[in-house]
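Below you'll find the structure I mean.
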């Protein structure tokens, strides 16, 4: 019983996260401004990372943990670059 | 000592990070220490301002405060969003003069403010210490200022 | 290789709870991104996901693997720390960039250039 | 394992190590870098010739040299395979490399950073592509040589090069995607990447998967044909080669031959007589495409005003001829084609080197432009280079004229040089499909091909005469170009190689025939590769 | 699973091809990137799809090859990713140089008339 | 002396002489002439020494192996016919050398002349003594080439250049035709050996390929001998120095065509086709040549047309297919050579001594050069066919043949009349030449004062004219035996009975001769005044200039049409090329699928995963969005591209490829930064015409592209689906899975493949990365940004202006404030990322990660610092030497690979073991990890190099603009 609940919960949370990613996608596509897209892009990364974690739980393996770690630590690099590009028109000065 | 261990706290954190990533074994402790020492040496090249921690004992209090605040804000923002965010007209910018000057302290403050749903660090003038924040639910402007000021004072106590 | 269905009931329920809460918060944040009106408002939304959203899921993960592996698995703490440290950087940079862009285009009601920079304290509120 | 057993891998390692080593020296130590590079290329030539002799050794034992990289057995690990064909290609590459590297030492190596490294990596890629016996490793070496060629085609920068380079790069990137699709599709159907193993597995591919296999083969073929320059996938080629610096263009001549080489090898190995239902796959298209390429190349040769373009189109003619010859899939035709390949490669390479020298005389202003463009003043990091003054060697114009005439004869396939032998070998093989004197009906397609070959020679003759007269005869005031000895010697070297294979036509042709025979009967190749013995492993501490 | 991935590959390649045929260099670089995603997935799919069968062996257990997905396409994709990254970088710089030297971001280095 | 070596010697000597001559100093006129003369004489002597063999009716053979497998050896063969020609070539060659010694000016670069001359002589000898038809073609083409060089000797004259080119084009084309024809003969006979071909006449004539072979060979022969309709090149070749004309264009090279026709006469002649083609060409040449010759004003032009006509006579004789005709033809070949060579030399003397060759300007030269005039008169008489001279004899034989019936046809019927008319014309132009030049009033205003030439210059003419006389008077005693051996060697058993006599009685040919002589004289008298003032060229056909038509055709065909065709069949634009590539690749893949009835496989819904589907929905939308936005919203496209990349990465996670996911993600991040760095230098497009596509054409093009894109995508979908749903073949993967841990020492099979099983791939792959980084670096060293992006970005300008305007702000405050807090965090992350990189590196062999991922993560750490604090700041503190990292990485990898050699193993053989360290326990150690270290080093170096090189552009611009500003100030 608890197993079923868990599996359902995993499925539900994955669906939630995919739906969240869908919302992010909407902002990425529609904008309206570049900053909206960047913001949504950053959120997409985080949501993907969470989805990964749920996937890890679902499959019972920690193989994907590093990927989540990398997203957490380095995922923001591209967002920083995007933000800086918006602000300064140049990523590295 | 300081030449060998320029950033002791950093080095220790890195060793802990290594052990968290791998496993708590003697081999990894040795390897992790070596790597952490190397990484700290690399940090010397960048010469960041060295934070001086004065009040270790206040850190748990800070963490607790943040934990609670974030939890509360989560609930608040969730309700705002779910209640139909686009009908409200309460968000706005708040300008707060800060006295905290320590860069590390300010960085932590920025992280706290921004991580807390509902408030965001927008702009900061290092010359006069004025901070512009954006607040999602701006019904009580002074209340927000107080919240932030409280963090500020705590951080000033820790770092200055 | 282990499987989550091997979890004891309490752990399974705990994991399930945190998972649903975490993803629910994240979804809420994403909906906020969708529904909130201005960029500065939308900016707050994803932090739901990066704080308690992520936190809950990470707790679920820690619980799950600690119980399965019958020893504490604490990798996830690192993820939490990293997310908490890096997300604000992005948001700060982005918010300031947006502010600049809106100012430069005199777009909407954003605080003027004077807000943080002025010598006097009085003016500058939107 | 004796040290000489490692000879096979040296053509790859030597340039690699040289290229990497050169990176450790500062860009300003030009003489040292040039010296290292030159020594390495000379050593490469020695190794290549040694391998050629090895491959041709008539010892009765199998002549296919197999090198198991990482000591993993054949269908699993990557193998290097040395047979007559790869040895031939290695030697040809080494010869071109010697010529163009020494030529570049006159001035070109200074016109941009890391020339020698890129050059060495190009050689590494070429040699790797010729040696590897693994389809995906082939892709990797293709990429190595292409990446280096991107660098070299842009070497010296400038609008013309960048514009041409952009097209070159985009098309080759698209080609690389096709390569990957083809290779992976073949893997998906056969489950292996080793070429010899593929040859074994292809006949056994189940009927319902055969079309997928063939689709993979076709896509792969398109990728190679882009490199080989088959019409209509070849329009980028003349422009890119013309834009490239002279020594770069000279070594690039072998680049188009890589595509031809692979098509030759794979079509006979994978889709040859032993390929079951897929036997002969694509031959028709090669023939048609080759013929179209010859026609287009010949037209382009006629239409070219600039000699660089003329040379570029000559490559197309050469590629077309080779592709059509491969499409015929006859042993005699193949051996003629191999001879033709050697001859035309040497010729066009020499021609590219020569063009720059010849055109130097034509328009001094343009020449200055060409040189100063390299050292264009907005480069702040680059200190001023001391200009070596070229000493006009006596009788420069006469020597250039002789070289030009040689190139003309070779390009047009006029007697008595190797260009003629090559064309004659092809023609006589085509017209006697069942063997000399056996009669037989010559199909219309062969007639058309014969006509194309002859007419393409005519067009080259007309175009070369036109260009030669314009360059050497027409100018009233003959300005003698300032040519360094180190520039003309490589040209002469390549042309003398052509002369050598003309005079030694018999032995050379015998080698080509032996090569063609083993290509058309790849059983030995397959057996040798798949049964190559591993070195006995040391007692590994199996850790359970 | 297979159908979804196949459609995904198709869309990636299709979008990439569309961009590849466009006149602006930036469109081409985006197109090439999309194509390389598609192609990488294609290579990957040639090893057939397996969920939760990563080719990472547990320590100390005897290996049953049927329990793992085919690692070879993965190795090939890794190589392809690296090479794709390299060529994207190169093409980027070339397109910048072309824009700088020719004054046009048209793939032919000049605006069509 | 062995005769077979004498053949080789005869062939080789001129070429060796040619080489020697080329290296003689340019003023060594005498040395050159001595050399050439000696070689000609030696050739003559060798030929004479061969006579005893040849006279007996045999042939001398000599062979050197060249390309035995192709049936092409240097096979030489001298029979009577070849002997006669060899004599002619070396004999007249010697005389021409002698003549040329005096003819060529001291200013001329004589080495070149004699070098080409000797080479030509060698080639011509080669043509006649080749015993292999392909070898004959080789020498044949060589004669064309050296003739080209000799005609163009005075290349500063446009006429010489044009004449040379035309001669080359026509004769080389003919040569190629000949080659094709000979190839067909080879196909029929099974050999190119002349003896075997000559023995296979019946087989050849009855073969279905006889006609094409005939046509092609005749094309070669007729072009070479300047026969109608290919005759036009010969008059233009007269731009050559006169010795060349005398040698090549009368005595030797133009004879090659008729030589070949005679040589192959037993094989090819006798058929209806032969008769018609050869006969028609010969008759037209005979008549038209003679007719045109009358109206030439240039002496050499007159002689050139006369040559065409006489060669036409020979051709006509050969066409008849009768052995007697062949005899006459061979005889006339010799006769024509003697008188025409002497006439050319005489013309040269006239030109040389008087400065002009225009008959209208020349007059009454007899009084200045009586001996030359006399000689020229005798030679002209021979040309006109006056009795007691050699020309008369062969012409009589020709008349005799012309009245015979060979093939009933209009050609045959016309032959006697044409013969008479042409002979009359010959008389006319001969008289015109003599009368116009040597008689009449003394010439006025000639460039030089004419006088007799030096004796040795005239000597060759004397000798040749003497030959004309002797042969003309006592043919049987002089030429008789030689002619007989030649005729026998050509005709073999067909050799007819013939007699060489001056007087055969009052026969029909005699009457025809008389008519011709009388008619010709009469015609000259009628035309005399007209000719003295008319323009060059015959009255009716003056406009019809062969060479002009030829030039026009050449220009049209080889230039205009070629250019048009090239631009039609090709393109220099990129888009059409890519379209073609897509279409061809699509069709290439579709063809086998279509032709074998493709079925993608059953539609299986097993394991449909909603989440996976959802992810892919996002991916698809990202891809389409990126495609849609890339034109105008670059940033949006970049972000959407990142989305698609993320989805790809998720797919790898879902489908059991953690390594791929890690790598893909890291690459994704770096790529985004890289493209952003680039976007700074890609200025916005200003003219955004949102209304496009405007025209129907543009819209159609877009539809076409869309259709192609959709087709390509659908094709990929179908193929991918088909493969994925099929049973996998037995792959080599099991080997790796089984041995990864036991023999590779790693549990992450993918990584073990990368660094061990297929490490060589990785080696190549990192090399690619290194190369690209170097290329990027090299290209950026010379980078010139677009003019509209040289300035600072708009944002920075506004912010800087703001900072400078405000009294309380300083330069750069906005940026400092902007990064004030983020930079702290980014700096503190530096060591953290280093630790992460170390982690990824160390665990790679057993778990997802590895050198590449570690390298990229490390590079990201660097980028972050650059972004946080700027290039200058970072580089003041960190010494980054990426190029060295690249080199080092490659060397490490190479050394690790080569380290196996020491232990006697192949390159890249890895070794792994577990080392027991006290306190720590067992530690895995594999050489593959060292290899991975090389990968790591290279990846860090390459990635950083590319990013930094791009980033450096900003400060370079800054420096450049500062320098420019300083310069401006100085000027001001």
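Note that the chains are named A, B, C, D, E and F in the order they appear, and that numbering of residues resets to 1 at the start of each chain.
Please note the rule applied: a contact is a pair of C-beta atoms (placed from the backbone, for glycine too) under 8 Å apart; a residue touches a chain by one contact, two chains touch by 3 or more.
Just so it is clear, the model here is predicted, and its values are computed rather than measured.
Looking at subunit E and subunit F, the chains that touch each of them are A, D.
Among the chains, the centre nearest to the mean of all shown protein C-alpha atoms is found for D. Comparing the centres of all chains, each the average of its CA atoms, the largest separation from subunit D belongs to B. Looking at which of A-E and B-F shares more C-beta pairs in contact, the answer is the pair B-F. The mean-CA centres of subunit A and subunit F are about 60 angstrom from one another, to the nearest whole unit.
If you average the CA atoms of subunit C and of subunit F, the two centres end up 69 Å from each other.
In terms of their C-alpha centroids, the spacing between subunit B and subunit C amounts to 14 Å. Note: centroid distance subunit B to subunit E, computed from Cα atoms, is 39 Å. Multi-chain contact residues, meaning those touching two or more other chains, occur in subunit A at positions 14, 19, 21-22, 34, 38, 61, 63, 69, 73, 75, 80, 84, 86-87. Among the residues of subunit C, those in touch with two or more other chains are 1, 29, 31, 43, 45, 50, 75, 78, 82, 85-89, 91-93, 96, 100, 117, 119.
Residue positions of subunit E with contacts to 2 or more other chains are 20, 42, 45-47, 51-52, 54, 56, 58, 72, 76, 79, 83, 86-87, 90, 94-95, 97, 101, 107-108. Chain pairs recorded as touching, per the definition above, are A-C, A-E, A-F, B-C, B-F, C-F, D-E, D-F, E-F.
Residues 808-809, 813, 816-817, 820-821, 824-825, 827-828, 830-832, 834-836, 838-839, 842-843, 865, 874, 877-878, 917, 919-921, 923 of subunit F are the ones that touch subunit B when the two sit in their complex.
Interface residues of subunit E facing subunit D in the complex, by the touch rule stated above, are 20, 25, 28, 32, 35-36, 39, 42-43, 45-47, 60, 72-73, 76, 79-80, 83, 86-87, 90-91, 94-95, 97-98, 101-102, 107-109. Remark: subunit B residues 17, 20-21, 70-71, 74, 77-78, 80-82, 84-86, 91-93, 95, 97, 110-111, 113-125, 128, 130-132, 134, 136 touch subunit C in the complex. Listing the residues of subunit C that touch subunit F in their complex gives 82, 85-86, 88-89, 92-93, 96, 100, 104, 113, 117, 119.
Remark: subunit A residues 59, 61, 63 touch subunit E in the complex.
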